[in-house]
Amino acid sequence: MDLTLIDKYFLIEKIGLISAVLAISLLIAMYSTWAERKVAAWIQDRRGPNRAGPFGLLQPLADGGKLFFKEEIIPSTANHFLFVLGPSMAMLTACLTSAVIPWGDVLNFGGYAVSLQIADVNIGVLWIMAVVGMGVYGIMIGGWASNNKFSLLAACRGASQVISYELPMGLALIALFMISGSLSLKDIVEQQRDGLWYVVLQPVGFLIFLICAFAECNRTPFDLPEAENELNGGYHLEYSSMKLGFYLFAEYINMFISSALMATLYFGGYSFPYMDSLGLSPNLVTILGICALFLKTFAFIFFFMWVRWTLPRFRYDQLMKLGWKVLIPLALLNMLITGAVILYRQNGF
Amino acid sequence: MFFTAEILTANTPFSYFPIVLQLIAALGFVGVTMIATHFLGPKRKTKDKLENFESGIEQMGNARQPVAIKYFLTAILFVLFDVEVIFFYPYAVNFKELGWEGFLAMIAFVAFFMGGFFYIIKKGALRWED
Amino acid sequence: MNAIITTAVFGIVLMFVGLFVKNKQQIKYFAIAGTILAFIANWYDCTLAGGSSVILHGMVEVSKFSILFNGVAIVSTFLYFLLCGSAFERVGDDVADYFALVFFILSGVMLTASFSNLLMLFLAIEIISIPQYILAGADKKNLKSNEASLKYFLTGSFTTGILLMGIALLYGATGTFNIREMGLGTGDLSPLALCGIILLAFALAFKVSAAPFHFWTPDVYDGSPTVFTAFMATVVKAASFVAFMRLFYVSFTGGDITHHWQLIIALITAATLLIGNFTAVFQQSVKRMLAYSSIAQAGFMLFAIVSNNEMAAQGMILYAAAYSVATIGVFAVLLKMKDYTFDGYNGLARREPLLALVTTIFLLSLAGIPLTAGFFAKYFVLSAAVQAGGLLWLVILGVLCAAISAYYYFRVIIAMYFRAGEAETLPITGGFKAALLLAAAIVIALGLFPGLLLQFL
Amino acid sequence: MPVQYYIFLSIALFCIGIMGVLMRRNAIIIFMCIELMLNAVNLLLVAFSKMWVDAGRIDAASAQLFVFFVMVVAAAEVSVGLAIIVMMYRNTHSVDINILSRLKN
Amino acid sequence: MLTVLLILIPLITGLITFGLKGPGAKVFSLLSSFATLAVAVFAWAQFQVAPDSLQFTADWIPQLNSQFKVGLDGLSLMLVLLTAISFPLIFITVFSRSYDRAGSFYGLMLLSQAGLLGVFLAYDALLFYFFWELALIPVYFLCSMWGGERAVPVTFKFFVYTFAGSLLMLVGIIYIYFQTPGSFSWQAFTSLNLSNGEQSWLFWLFFVAFAIKMPVFPFHTWQPDTYEQSPTPVTMVLSGIMVKMGLFGVMRWLVPVLPQGVYMWQEAAIVLSVIGIIYASCIAIMQTDLKKLIAYSSIAHIGLMSAAIFANNEQSIAGVQVQMFNHGINIIGLWIIVEVIEQRLKIKNMTGLGGIATHAPKLAILLVIVSLANIALPLTNGFIGEFLMFSGLFQYNPWFAAVAGLAVILAAVYMLRMLQKVLFGESNALTATTTDLKAGEMLAMACIVAVIFVLGFYPKPLLDLASGLGLPNAIAAVITR
């Protein structure tokens, strides 16, 4: 690698893109909290936040400000370093997954093409899996460092839940890769742009992935690590101020990224039907594509919330049973059937 | 001047450079926020406040006791199965070239996988009910 | 290759059998049947005349030597199951799993004789090692067993790291993992290759518990449940040696390459002989004595590696057979004793003349007295060293150490025959005695006609 | 980047691993050091693989396959090793390997 | 085939004897030993007619090109005869005794006989080594199990000494094997032309092994204790036959194979032997323990024989061969008497004895005869061998002969002193209870005394065997060099 190869335009482009993605992630995370309360209220026939600003739109800012200025408490028996490391880690990993997601096609600025993807690496999905895998450290470290029995128990639950659901998730993805033949998210989107959305080809795979995404984000019905009525708030029981904020934000960012990922993998990402046959200028198509992606993403976010306020929480044993004894065999079967069908169509017997 | 795109499509260590940038950005964000909140909040520490919260009752012993073996077992099984899943990735990318022969090999692999899976179920490693 | 596959698959089958069959006796019979099956598969390999019915992609190489060694390993395991199989249930409840693990080890053992790629060497060694870590700690409540297991695990995986580094450096130097394509040339070695060879030598010396890398052996062998020590100290050890020899004989021979490592191995051999023999003399427990004696025997097996010639291969086969059968026999009797110290054997000859007799035969074989297989085993490896030339000092050291080894082996004989005492044993069945006699017969038969085994080579 | 960089890096990591194994007393740390050694080897293998690809060998992918196997075996070792350490911890309430020499007698 | 039979009879009957009990074992082993004797005598007869028919070769370990190659020549025939005669004598002597676990006892005795015969017959180096050890193991068990209270450590010392020595020899054998075109046969070994340097160090590998077995000073330390602690029948085997293995080894395997080595070191070997003679004789004179006295006397005699071998000329070699046979017979006779005394009186110390002659005249007479034969008085069998040895040694170097000649005088001193202390003088309460020889003992002693006188008057058969007729060609070659 020769660093002199990097020219300043490239640097500016990437820095701009990164800032935008991070800012949007945070923004969406903030307003997800607001949306969540609104959705909850709507489902439960209430009003939800409505004091700060119109429709309570400034509520997230108020919450954020409050978290910033709260007193920072570190229990005397806790391990200080790890106590700080835990939420930092959670936030860090949440911020890193977005790097490989293609937010849109190429934008042209007078001959300079800007790809709306921070890094198109050929193992994009592996990067996401790796970073999500790191995410569990945030929970585990935070729970352990607190030196609180509730936290520790919650951390153990959270860790085992996350890692358990990583297996069927990976297996479901493999069936997808058999179709795509590539691990690059960009490639996957481009293939869907020309052909069918993969949700049509991989309905079971999508279902598995969806369930796993719920579990990976610790969302209800799989929110055992923070089951407040059993564990007093779970792994972030001892946290306050922005450290608590990080855990909460991380969760919402994860939800956002998962939604975007599902949209990318199974629902065509930034592509939308007839996008190439409308005869619009490429830049306009790209912008429409971005909107399409965000539309799909918001739909998933709404789905997340809808489920949360509809379904009750699983019991620990039910959760593990679902993950290990149902999803894993199902995902393997899905993989084998996918493989057989593809090979049959390609080679015959 | 568009060689950058070229570099990005070719798979070199250079493709990961933006990720490094993002890592730096994220680290900066997290670090700055952490430090800022540290100075922003009030500091009125008392002994009671710094104790662990156990629903208001007297604290009993250290929290870092060995936890149930089930969690440990889950972790171990995850490591094993995840590594087996790793083998599927290169296969998934190449399986069209490998054809039916490769598929048979993969079926054998899955059979072993399921064998192990079935074994741990029968051994009770996945029983969380009790 | 069929034997390897059969063994591995049978191990898995056994795991499942353990889920459904609760009768421990039946599991044992099933395992014994498995060794017979493996033997048949090996015989079938033999009829394929060096070929294989499985596509091997150049990873594994079926040769006369490998088939013969596989046969030795299978027969040793068969005897091991016959003699020690009932002791499995004294260790814990998961008898079928223990048997299955032994089968896995066995498949790794067979790979050591037939690998032709460093990847397979690595896998073979790991397939052997990992189940052993478990077996060493099978007695979960016993602290000594825990200790053995942890110690074995830490040293074993540390060694694996070193082994891998050696492999990686060799790959860097040659660009291949295939042991026949290394082509290290004839002149001076590149630093990468030299480091690789030395690291490999150290790692394998660890695995075969050669001094000064032997320190884990006594504690591990002593702490592990005795019935598993019997397997670790025999078949497994022989397999590690076979791997060692195969690698060095095939890849690091030719031109001056041998001289780069021969002296190091020769010094390791000398150290192993001295340390193994002298420390064995001072042990009070027969089990611990056997642990040290296994180091001493390792010293003799190292002769095969130092000398690095055709005769060494014969010697290695013979040594593997003689040493495995005899040690398994000694351990089988040890397992029937209530007291593992030398005094525990006092007067065994009066209470159980047959046990004493076969133990004597096994011990004589270990000491290398003529008429037993152990003599020819030692004879061949020493001859190989003489043939290699320039190692006469080592040979003479070797025979002097053999004389020392008589001391501690004869302590058991003396206790059994010439000391009064009430050696207490567990109940002994007729079948056990018959199996012991079979083992003794093998030792004597090989002691009279080593050609019985070597004709296959 | 020249392959030497990778060689030096992985050898440095390997040596750190060895030193850790030899000097630390905590079984888990030792264990992590061993894993570090294995990963140093993995890095080295991949670097060499690249080196031989550049040198025009077609079969250089075998080193990358090797890495896969190392990872699998390391996972198997991890599971067994952790189980052993947990077993030890449950019996002695310590993961200090000094306890091993105490138990000797 | 006869030669194979010689080994097989004791081997197989020995194994069978393990399964027998008490008297059965006794009788069976006696019969077996007679059968061996018959075959040996028959082989002797055959040897006069067609010596070549006594060779036998079969494949043994094709991988090493080692053969089961046995054969008889004058040297080995003499020792085979000695062995074949000794064992029936020993069995007859102890016939009245009942040993604990008799089956094992007699079985081991017969196995050791098989090993001994094998050693004398083997013409293949590996086979020779094989039998060399096979002879040792049964003796080890015999001594340890039926020996005195210190037998276990003492015998173990004996075992380790011999084992270490023979392993060194094994190294030598292996080395020479690789110099041959891949054969262990005696012919291949002897037709080699090894360099002087090689012969020089190889000599010591072999010499140490044989010297321990003989034993020669300073490798003798195991011997007196072992003789003392062993049960007397085993001591008879040890001193009568087993020590001859060492002498035989030198004559069959050392001198012909490494003539230059022997030439280089013969002086050293003779010096050691002569030192041994004087040393052992002096200690024997001081000795009060009957068994130890005889043990030291044996060292002295063996020292003389070994000196004679290394003197390495026609007379000395012939003398050694004759003497090997005669010494075996004589010392067995001595041991029988000692066994009788020990049995009857439960005492080994000569200070407690005396005046036995009056109570047991037959015993006394026989002991005197055997003792005189042991001193090598003319007209006894010991004389001719000793004479030949001395004259041979004199040819080599008169000074050595002179010093060694002291041995005869010293031997006379300690033997006569022994006779005086045991047989004559005042009898005490203990010795007054001595009863005379019983039938079996009488028979055995009668045979021995007969041999002593017959060979004393008519040594021709022995000399025939020793000289020319069956003498290995290579030895002859060395002698003429």
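Order as written gives the chain letters A, B, C, D and E; numbering starts at 1 within each chain.
FYI, a contact is a pair of C-beta atoms (placed from the backbone, for glycine too) under 8 Å apart; a residue touches a chain by one contact, two chains touch by 3 or more.
The chain list, named the UniProt way, goes like this: A = NADH-quinone oxidoreductase subunit H; B = NADH-quinone oxidoreductase subunit A; C = NADH-quinone oxidoreductase subunit N; D = NADH-quinone oxidoreductase subunit K; E = NADH-quinone oxidoreductase subunit M.
Every value quoted in this text rests on a predicted model; they were computed, and no experiment measured them.
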Query raised in the report: Quick one: which chains contact chain A and chain E both?
Result: none
Report task. Compute the shortest path length in steps from chain B to chain D over the network of touching chains. Result -> 1
Requested in this report: Name the chain whose C-alpha centroid is most distant from the C-alpha centroid of chain B.
Outcome: E
Query raised in the report: Of all the other chains, whose mean CA position lies farthest from chain A?
Result: E
Query raised in the report: Using CA atom means as chain centres, which chain is nearest the centre of all the protein shown?
Result: C
Requested in this report: Could you quickly compare A-B and C-E and let me know which has more C-beta contacts?
Outcome: A-B
Report summary line: The distance between the C-alpha centres of chain A and chain C, rounded to whole Å, is 53
Query raised in the report: Between chain B and chain E, what is the separation of their C-alpha centroids in Å?
Result: 82
Report task. Just give me the whole-number Å value for how far the CA centre of chain C lies from that of chain E. Result -> 42
Query - Cα-centroid distance, chain B relative to chain C, in whole angstrom - result: 40
**Report entry** In chain D, residues with contacts to at least two other chains
**Finding:** 1, 76, 83
Requested in this report: Please set out, as single numbers or ranges, the residues of chain A touching at least two other chains.
Outcome: 1
**Report entry** Of all residues in chain B, the ones touching two or more other chains
**Finding:** 13, 75, 82
Report summary line: Per the touch criterion, the pairs are A-B, B-C, B-D, C-D, C-E
Report task. Would you tell me which residues of chain D are touching chain C in their complex? Result -> 7, 14, 17-18, 21, 27, 30-31, 34, 37-38, 40-41, 44-45, 48, 51-52, 55, 57, 59-60, 62-63, 65-66, 69-70, 73, 76-77, 80-81, 83-85, 87-88, 91-92, 97, 100, 103-104
Query raised in the report: So in the complex, which bits of chain E are touching chain C?
Result: 60-64, 126, 129-130, 132-134, 137, 141, 144-145, 151-152, 156, 159-160, 163-164, 167-168, 170-171, 174-175, 177-178
Report task. Write out the stretch or stretches of chain C touching chain B in their complex. Result -> 12, 15-16, 19
Query raised in the report: For chain B, which residues count as touching chain D in their complex?
Result: 13, 66, 69, 72, 75-76, 79-80, 82-84, 86-87, 90
Query raised in the report: Touching chain B in the complex: which residues of chain D?
Result: 1, 68, 71-72, 75-76, 78-79, 82-83, 86, 89-90
